[in-house]
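Every chain is named by a letter (A, B and C) in the order it is written, and numbering of its residues begins at 1.
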Amino acid sequence: MNILIIGLSLAAMLFLLSAGLTLIFGMGGIINFAHGSFYMLGAYGGFQVIDSTGSFWLALVLAPLGGAAVGVLVERLALRPVYNREPFVQMLLTFGVILILEEGVRAVWGLDYKDVSAPAVLAAPVHVLGATVSAFRLFLIAFGAAMAALLFLVLEKTPVGTVVRAASADPEMVRALGIDVGLVRTGVFAFGTGLAALAGAVTAPLFPVELGMGFGVIIDCFVVVVIGGLGSIKGAVAASLLLGLVRAGGYGFAPEWVDLLSYCLLIAVLLLRPHGLFGRQRRLA
Amino acid sequence: MTADAALRCQALTVRYGRFTALDGFSYAFAPGRLYGIIGPNGAGKTTLMNVLVGGVRPSAGSVHIRETDVTGLRVPARARMGLGRSFQITRTFAGMTVFENLRLAAQASVFRRQPLWRSARTFPETAERARAMLATVGLEREADRPAEQLSHGDGRALELGLALMADPAVLLLDEPLAGVGHGALDRTTDLLARVSAGRTVLLIEHNMSAVMRLAETVLVMMDGKLIAQGDPAAMRRDPRVREAYLGSDA
Amino acid sequence: MRIKRGIVAAAAVLAIVRPSLAAEPAPTSFRIAAIIGLSGPLAVIGADMRRGVEVALDERNRTINGVPIEITWDDSEGKPQVTVQKAASRIAAGANMVFGEIGSPATVALSGLTEQREVPLLVTFAADNALTTPGRLHWTFRTGKNVNSTVGVTAGFAERNHVRKVFGITPDYEAARDSWTLFKTLAATKGIEVVGEEFHQTPARDFSILLDKAMRSGADALYTVSQGNDAITLLKQANEVGLKEKMKLFGPGMVDEIIMRAVGPAGVDVGSTLRYHWSEDFPANKDFVARYKAKYGELPSANAGDAYDGMRWWLRVVADTHSWDKKDWVAAMTGSVITDSVEGRKDMGACDHQARQIALAGVGVEQTAPDLPKYGMKITDILQPGQIYRPCP
């Protein structure tokens, strides 16, 4: 029971983290290494909001907005000029963004760890079927599921989603239809970085809030995105669930091998399905 | 004549390094006419089209849509001014059904007038228009198939449908018949004739019999230049054209 | 052949005679090469150590026997390789001593270099026993507390808190496993039963399953060797399931002022060893705390105090030799005694170069005094050196 709940909560966190990364990749083919830095930015932003207003919920609203705003700047100033350049140029740029964001956070908030606590209503553990589980984890599961459902509906059922999917399939054709792909790209990038910041804010009560926090998570993000298939939200959901449950099981039976287990899963999926669970062979042109 | 041209270009030149793909091309396309553009491989036809729609920046020269200078405008802006196109290599949206493809195009034309957020209300309208276009291009039965699974001819028809959704005043078609199987050739040619009515059409095509049937004026290009133009029958007889091109088909 | 033998003999004679031939001339400056983590996860620790050392230098007006003290700060990035590289180039440029690093692996690597180059190394933070194995290192001194002492303190803490059954969570690397094994041995002598143990990777991403196991094990205390980020993650996630209400939580270096700031209420009542605490009641400490507060506007953290005390001791010993020969410094430091350190008397072990000193146990507390951060540490027990260290033979 506990393994299941904890596994689901890990899955929820993995999904929140990786959804933005996979969306951004799907859109412009950009591998955003700075995703972890936006996650960190969200956690610090969340801390700031809680510190000033005392409201965790307000932090969940404002931190992603801040992350999205910074995302707009990054996309406009750094990425827009290099969409048609070799992938390594884009990679280098996102690395540069990491350094800038980190220096910025350091200048504003200093080196110290920040304390972010769960809101009072979720602070006490609850008892479910005889097991003691964290109320905050149950909230995370619900939150992650809701976000996944929302994203899925937006992408699959709304006109905005259709445009996003089309623009990731063939930007040139979308332009020919009279849609400003640049605007769509900025929007998707900002949305993705906003999601990363949201993940940072919502998981801050469970992890150290410090300058290096982005590095640890970025690897997890890539594992999820690669297992799920680059650019696929459905894939991100499936891969998060798979990885979250495997991890939880791993902690249960052989905690010193959890990382190895994750990488074995990655390799196994790639051997069986080289493009990931829901990946498609991408047109390169 | 020049004053009311649907599309006019002036001394268009495109250089790739030291190679000149388009060399001082000038022409005024009159409204409502169908122009066939022919010329051997590498003559610069696709380059011309790319410059006209805004995908390629000319090294020199200008483009006007209804006498508005659009040389500085990019693809989406020109598309919103009534320029539609199809690509030499069929481009539709893989991963979406035929219907979704068309609905997207319908939305795109709606977005020109409305902000993205209000578009949920335009659902019935866009769906209806997409369904109407299915009928126009003859793809009713393929509506729910993923676009990437269509036969080549049907893919062409879908691409044409996408371009037509915005009801463009000027339609640029880059070899719409290339690769279409014999069975579907007549059907696609008929379709082209039908949808061209009332528009200015620039039809790049290697299939000479189709050009002869559809075009009212034929432009002949070679080495990035316009070397001859006139009605199809005259062009067919023109010795320069024969020399440059006609050996390959007809 | 004969010539060759002659040269060898001459060299041998020179080598023996050289030290007494002439005293080393006074250098133009006394150069300290400090190599610590100033970026990444160690930056929080490194920044405080640096502040402590700066206060120690200020106290001497930044001179020693009339020669200016010149200190360079290099960022080790917490990596053994970078540490050794940067130290090597500082030594090549004439550093008189090296100060650093923070983590045990980097510090052990650094000691290898300083031994080979015959340059003194002052260690305040790294607790690995390998740095003070008797007879192993000649040029290395640790003024800070070692693993054995910290584990001894926690075992005492368990006893005083009437812990009967303990569950252990330990990071999966050798020094940590050794520390846990040592605790188990000590616990057994005090009649404390170990009911379960788990090992985790570091950095650990999630502790909730391990914590769940601990809570179901029937243990009345959770002992953990996890440090830094791992400790923070563990404390936050323990708080999430109300673990502290069910069992005592403690470990060597589990919480300090930095971690209390990171976890807030989740660290209250958690037991830990302390490297140093600003409240220690010694005249030299009152003095140091006042200087530190005047310079930086806040109370010194454990890492700042620890680094200050080690550097102050070392510089005093060097000054007292009135020599510029590194060998003289090492000879003087070996077996040296400081009676007025910020923690009272400290004896440098002649056999192992480990300073014998008092040890502190404490718990995380919420603080209400206006000039204190909201969460901090409180000393609960002070152990005398004789209770922890074996004397050198």
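Simple rule for what comes next: a contact is a pair of C-beta atoms (placed from the backbone, for glycine too) under 8 Å apart; a residue touches a chain by one contact, two chains touch by 3 or more.
From a predicted model like this one, the values you see are computed outputs, not experimental measurements.
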item	value
Touch-based graph of the chains, sorted into line, ring, star, complete or other	line
Closest chain to global C-alpha mean, per-chain Cα centroids	A
Centroid spacing, where centroids are CA-atom means, of chain A and chain B in whole angstrom	41
Centroid distance [mean C-alpha coordinates] between chain C and chain A, Å	38
Between chain C and chain B, distance of the C-alpha-averaged centres to the nearest whole Å	75
Chain B residues counted as touching two or more neighbouring chains	none
Partner chain C, residues of chain A touching it in the complex	2-3, 6, 9-10, 111-115, 117-118, 123-125, 132-134, 136-137, 205-212, 216, 220, 247-248, 251-252, 255-259
Interface residues, chain A side, partner chain B - complex	158-160, 162-163, 165-166, 169-170, 172-181, 280, 283
Contact footprint of chain A on chain C as seen in their complex	40-41, 43-44, 47, 172, 198-201, 203, 205-206, 208-210, 212-213, 215, 229, 232-233, 236-237, 239-242, 258-259, 261-266, 375
Sites on chain B touched by chain A in the complex	53, 55, 74-76, 79-80, 84-85, 87, 91-96, 100, 103-105, 107-109, 111-112, 116-117, 119-120, 122-123, 126, 162-163, 165-166
